[in-house]
Amino acid sequence: MEKQDMDLTVNLGGIIMKNPVAVASGTFGYGREYEDYLDINGLGAVIVKGTTLEPRHGNPPVRIFETAAGMLNAIGLENPGVEVFLNQHLPYLIDKDVTVIANIAGNTIEEYAALAARLEGCKGIAGIELNISCPNVKQGGLQFGTDPVMVRDVVKTVKANTSLPVMPKLSPNVTNIVEIALAAQEGGADALSMINTLMGMAINVQTRKPVLANVFGGLSGPAIKPVALRMIYQVHQEVDLPILGGGGIMNTLDALEFMMAGATGISIGTGNFVNPRLAYDIMVGLQEYMQENQINNLNEIVGIAVQK
Amino acid sequence: MEKQDMDLTVNLGGIIMKNPVAVASGTFGYGREYEDYLDINGLGAVIVKGTTLEPRHGNPPVRIFETAAGMLNAIGLENPGVEVFLNQHLPYLIDKDVTVIANIAGNTIEEYAALAARLEGCKGIAGIELNISCPNVKQGGLQFGTDPVMVRDVVKTVKANTSLPVMPKLSPNVTNIVEIALAAQEGGADALSMINTLMGMAINVQTRKPVLANVFGGLSGPAIKPVALRMIYQVHQEVDLPILGGGGIMNTLDALEFMMAGATGISIGTGNFVNPRLAYDIMVGLQEYMQENQINNLNEIVGIAVQK
Amino acid sequence: MPLQENGLVINHQQVAQDMYIMEFMAPAVARECQPGQFLHVRPGNTNDPLLRRPLSIYDADQEKGSISLLYRVVGAGTSLMTGIRENDYIDIVGPLGRGFTLPAPSKTALLVGGGVGIAPLVYLGRALIQRGCQVTAMMGAANENQLVAGDRLLEIGVPFLPVTMDGSRGYPGMVTDLLVPPVYPEEIVIYTCGPEPMMAKVAEYAQRYDIWGEVSLEEHMACGVGACLGCARRLKANDEAYVKVCKDGPVFNIMDVEF
Amino acid sequence: MPLQENGLVINHQQVAQDMYIMEFMAPAVARECQPGQFLHVRPGNTNDPLLRRPLSIYDADQEKGSISLLYRVVGAGTSLMTGIRENDYIDIVGPLGRGFTLPAPSKTALLVGGGVGIAPLVYLGRALIQRGCQVTAMMGAANENQLVAGDRLLEIGVPFLPVTMDGSRGYPGMVTDLLVPPVYPEEIVIYTCGPEPMMAKVAEYAQRYDIWGEVSLEEHMACGVGACLGCARRLKANDEAYVKVCKDGPVFNIMDVEF
C-alpha cells in the first residue's frame, strides 16, 4: 500500500482529525510546551488543559506522585480561566494547522453552560471535551460524572449553548460505565472521551500522611490501561457513539488495542511525559501498521475485537 | 524494643491472627503449594481458594495475562467444591498452626447460605471471607458486590447461617465504596476485606481478539495499589469495622501504607507469585519496623494517615 | 524440593539473533533438576515486568552447581534478561513441574525439537546418554543460524539431524518430514517440544505407529507452583476438567494430548 | 532548544556510598547546556519506573559533546540507573528549566552546596571561572566520603572549603556555619543548592546582608517542560499563585523564595 492511499482521517462525532492521535487534556499544556519535540501539525488533535470560567490556582503541592506503572495527579485544575485561554493561548494553536479541542470544567451546571456559550463562535475550536469529573458543588461534591442524571443534564445544557460537537469525558470511577455512556448519549453527546483517571492515593510511610496535599489524586498511565480497555469495549458494545480512547497508551500496539476495543481516535496523556514525541511516533506507527496490513482506513479495525 | 515485647496479634472482627499478614484467596491454593518456600505457621492467616457448593471447572484458557505492573485473571472459580475442600484440603492446614479463613462464592443467596451452613461447626475454620464479586444469576448477572441492597442481604443471610466471623470482600468496581461498606455493616459484617480485583481486559493485536477467553478479567498487582489505598482510606474514615487490606502489596513499605490507610491486617495476592516467600518476608519486615520505631502494637499505626 | 535461589551468572551469550544462553551458579537448585522441568525466572527487579517467566532447564551441571537456559527474546521479560551480565544475580525458583520419564536403557530415544523447543531436549539427551540409551535428535529451525543447540548436543554425544525451513543447513523443510515409518516401533520412544503444529504432527506419528512418547507444553503462568490455576489446559477437546501445565506438566504423555 | 537524545555512556563510576557520576556523549544537548539547568532522564525502558527523573547538569564539555551527572541513589529510578554501563545508552531530554544568572566578571561568587546539591554548582563554577569571576565553594556533607565533587572543583580551579557533619574532613559542622558577615556585601553574589533547611539559612544570610543570590529548588516532576503543572510551588507562603519549578525555575532569586 502506498502512503497516499491511506486515509487516517477520523470523524469524532463532527470533530474532524487528520489522524486518530490526540494529546490528552492537562498533559500537553497548550501545545507550545512540546513544540521543541514534535511537529504539532502532525497530530490528530490537541486537547488543551481544562479551562474554567475564572482563573484557578490549583492545589498546593505535592501534586503528583509516581506509582507502579502509573502516576497520581491532583493538579486541582490550575488554569488561567477561559479569557486568558482564548486570548493568549489559543492564537498559538490557531496559527498551526491542527484540530483544537477545548476541555471545560465547572462546579455547577451554570458554569458549564456559561463556558460553552463563551466558546461559541470562537474561531479555531473544533469541539468541546466536557470534563465531568469535577465535584458538583451544588450536590454536595458528588462528581457530575458518576450520576447518570447529572451526566445527561450537563451534556444537554452544554449542547443547548453551543453549535460545536460535544464530547463528555467519562469518569471510570463508576459501577456501570454503560449506563453513564447511555445517559451522555441521551443528553445529546456527539462523541465520548474515555477514560479519565481512576481515583487513588499514596501514603508517605515516613511522615505517616497522604503524599498528595489533596489526599486523593487521579491515577493515569499504563497501570490503568486494562480498565480503560474494558470500559471502552463495554461501551462500544452498547452505545452508538464514536469514542476517543485513552488511558495508559505508551506505544503503537497500545493504540491499536484501544482501536480494536472500539476507539475511533486515541489520546495520549501520561505517555507524553515519558516520551515527549510519543504522539507523533504513534501516528507514524499507525501508518506503518496500515501499510503492513494493507489497511486503507483504520475504521476497519475499530471495535474489531468486540463481540456484539 | 525486644522481640518478646512486641504484640503482632490482630483481631479482625473475631478472626484472631498471630500477625497481620494473610495470603489472599486464589493466590495461595490451599497452602500446601507454597510449603517448600516458607513456614506456613509464620503467617497470620491463609485464605484458601474460593469455594463453591459444587465443583467448578473454571474458564477455558487463556486465563491469565500480564499487564503493566499487574495481571489479569479469569480463573472462573475453578475449585473442587466444598466437600473436597473440607475432606482433602482443610486437614493439611488444620495440622499446621495457622489461622484458616474460608472464602465462599455463590450465584444465588441460597448458595451462600448453604455454604455458610455447611462450614458451620467445621473444625479449623476461623472465619468466612465472602466473595461477593460473582454474578448474581437471579438478578441477571449483576454482581452482588456492586449493589448495596444485595450486599446487605447476602451478608445478613450468611450471618444467619453461621456462628463464624463473616468478612465480605468488597469489589472496587463501584461508584461509592463507602455506601457498599455501610451496607455490609448493616448486614452484620464483622470485618471487611478490601479490595478484590478491578475489572479489566487486554486485546491481542495479532489475533484482533480479547486475550482472555472470558474477555474480561480481574486486575491485581501493584498497578491497583493506589485505588486500594484510596478505598480503604475512605472506608476507614466512615465505617467502624476492621479491614483486611490488600491490592498490590509487594513489600513491607506497601504493607505499612495499607495499615496507615486503615487496614488492621493485610493480604498478599499477586506478590506471592513474584516472591513465593513474600508473606513471610513482610511479616519479618513488620517486626523490624516495630523495633526500629519503638512500636509495641501495630494497632498504633492503623489508620494513622486518615484525616477524620 | 524446589526453592528460590539467586543464581550468580557466569556466562551469558547471544547465540543467534534473539537467542541467548545464560549459565549461572545455583547449586541448591541444580542439584534437583530433572530433564523437562523448568525454572521460574524473575526478569527484573521492578514491577514491570511483574511476573516470573517459565524457562526450561537447557542444561545443568550438578557437580559444578550450574544451570543453563536457552531462551528466545520475544517480549519485555526476555528483552530485559539480555541486559543481565556476568557476575549479576538472577532470581530463580525451581525446579518446577513434572519432567520427562526416562525409558529403559535398551530403548532408542527420538528427540524432536522445533526452534527454542530444543531447550528441554538437550538436558534430556544428557540424561538419556548417561542412562545408556541410543539417542537421535531432530532439530528444526527457520535457518542455519537458529540451529543453536548443535554444539551442545555434540558435546553430550547426541547425534542430530538439522532441518531448516530455508534449507540453509541440513534437510530442507520441516523437522517432521523426517519422521519415517519405524521398523521397530516398540523399540522407540519419542520426546518432543516446539510449536504446537509441529508437536501435533509428532503426536499423530506416535499414535499411528503406537510409539510411546512425551510432549512438553506451554501455557501462560503466574505462580508456577499449582496455586493460581492460571495455566489451565484441556488436554483433549472434550475433557471437562483442565490440567495445570505447571504442576501436572509441562510434560505429558503424547497420547493424552489432543492438539 | 531542548531536545531528546540517546546519550552514549562513556564513564559511570561509584564515587561514594550511594553516589555516582555518569558521563555520556550527547553532543546536541551538551551544546545547549547552561549552568543550573537540568536533564530529564529516563531511568529504564519499562513502565516501572515510569516517569523521567530530573537531574542537574553536573558538568558538560561542549567541545567533546559530553555531559556529566552526579546523582545519589534514593529510590527505584536512581537504583536502576546504577546498572547502566559504559556503551549503554541513556535517554535524556534537555536541557530544561531556567539556569543560574551569571554576574558581572568583577563579582566574587560564593557557592554553597549541601550533599548532592553540589551538582549544579560545579558546572556553574566552571562558567564563573571562564567569565573571570572569583569563586569560592563551600561544600557540606555528612562525612569525608560524601565530599565527592572536590576533585572536579580543583580541576576547574574553584577553591573550596569542605565541611563535614562528623568532622572527618574540613570544618566540622554545617556548611552555613561558615557564612560570616561579609565586608563588601555588594561585591558578593551567592548561589546555593542543597537541603531546604540549609538553603533557608543561606537565604536568611543573603537577606540580612542584602547579597544578591540564587537558589535551585526541587519538586516532584512529571513533564519537566511546563505542561502538567505538577511541580507547583508557592515561592512565598502568602502567594496565591504557584510557580512551576521546571519552567520558571529550578533556579530562583534568593529573595523571592520563602523557606
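Each chain carries a letter (A, B, C and D) given by its place in the written order, and its residues are counted from 1.
Quick note on the criterion: a contact is a pair of C-beta atoms (placed from the backbone, for glycine too) under 8 Å apart; a residue touches a chain by one contact, two chains touch by 3 or more.
Since this is a predicted model, take the numbers as computed values, not measurements.
Shared contact partners of chain B and chain C are A, D.
The greatest centre-to-centre distance from chain B, using averaged C-alpha positions, is reached by D. By number of C-beta pairs in contact, A-D leads over the other of A-D and A-C.
We define each chain's centre as the mean of its Cα atoms; on that basis chain C and chain D are separated by 52 Å. Spacing of chain A relative to chain D, judged by their CA centroids, is 36 angstrom. Between the CA-based centres of chain B and chain D the separation comes to 47 Å, rounded to the whole angstrom. Touching two or more other chains at once are residues 47-49 of chain C.
Multi-chain contact residues, meaning those touching two or more other chains, occur in chain A at positions 68-70, 221-223. The touch graph of the protein chains shown is complete.
Those residues of chain D whose C-beta lies close enough to touch chain A in the complex are 1-4, 42, 47-52, 93, 219-234, 240-242, 247. The part of chain A that touches chain D in the complex is made up of residues 26-29, 33-34, 36-37, 49, 57-66, 68-71, 73, 75, 78, 221-223, 250, 270, 272-277. Those residues of chain A that touch chain C in the shared complex are 68-69, 222. Chain D meets chain B in the complex at residues 47-48.
Of all residues in chain A, only 67-70, 72, 146, 173-176, 198-203, 205, 208-210, 215-217, 219, 221-227, 229-230, 233, 248, 253, 256-257, 260-261, 301, 304-305, 307 touch chain B in the complex they form.
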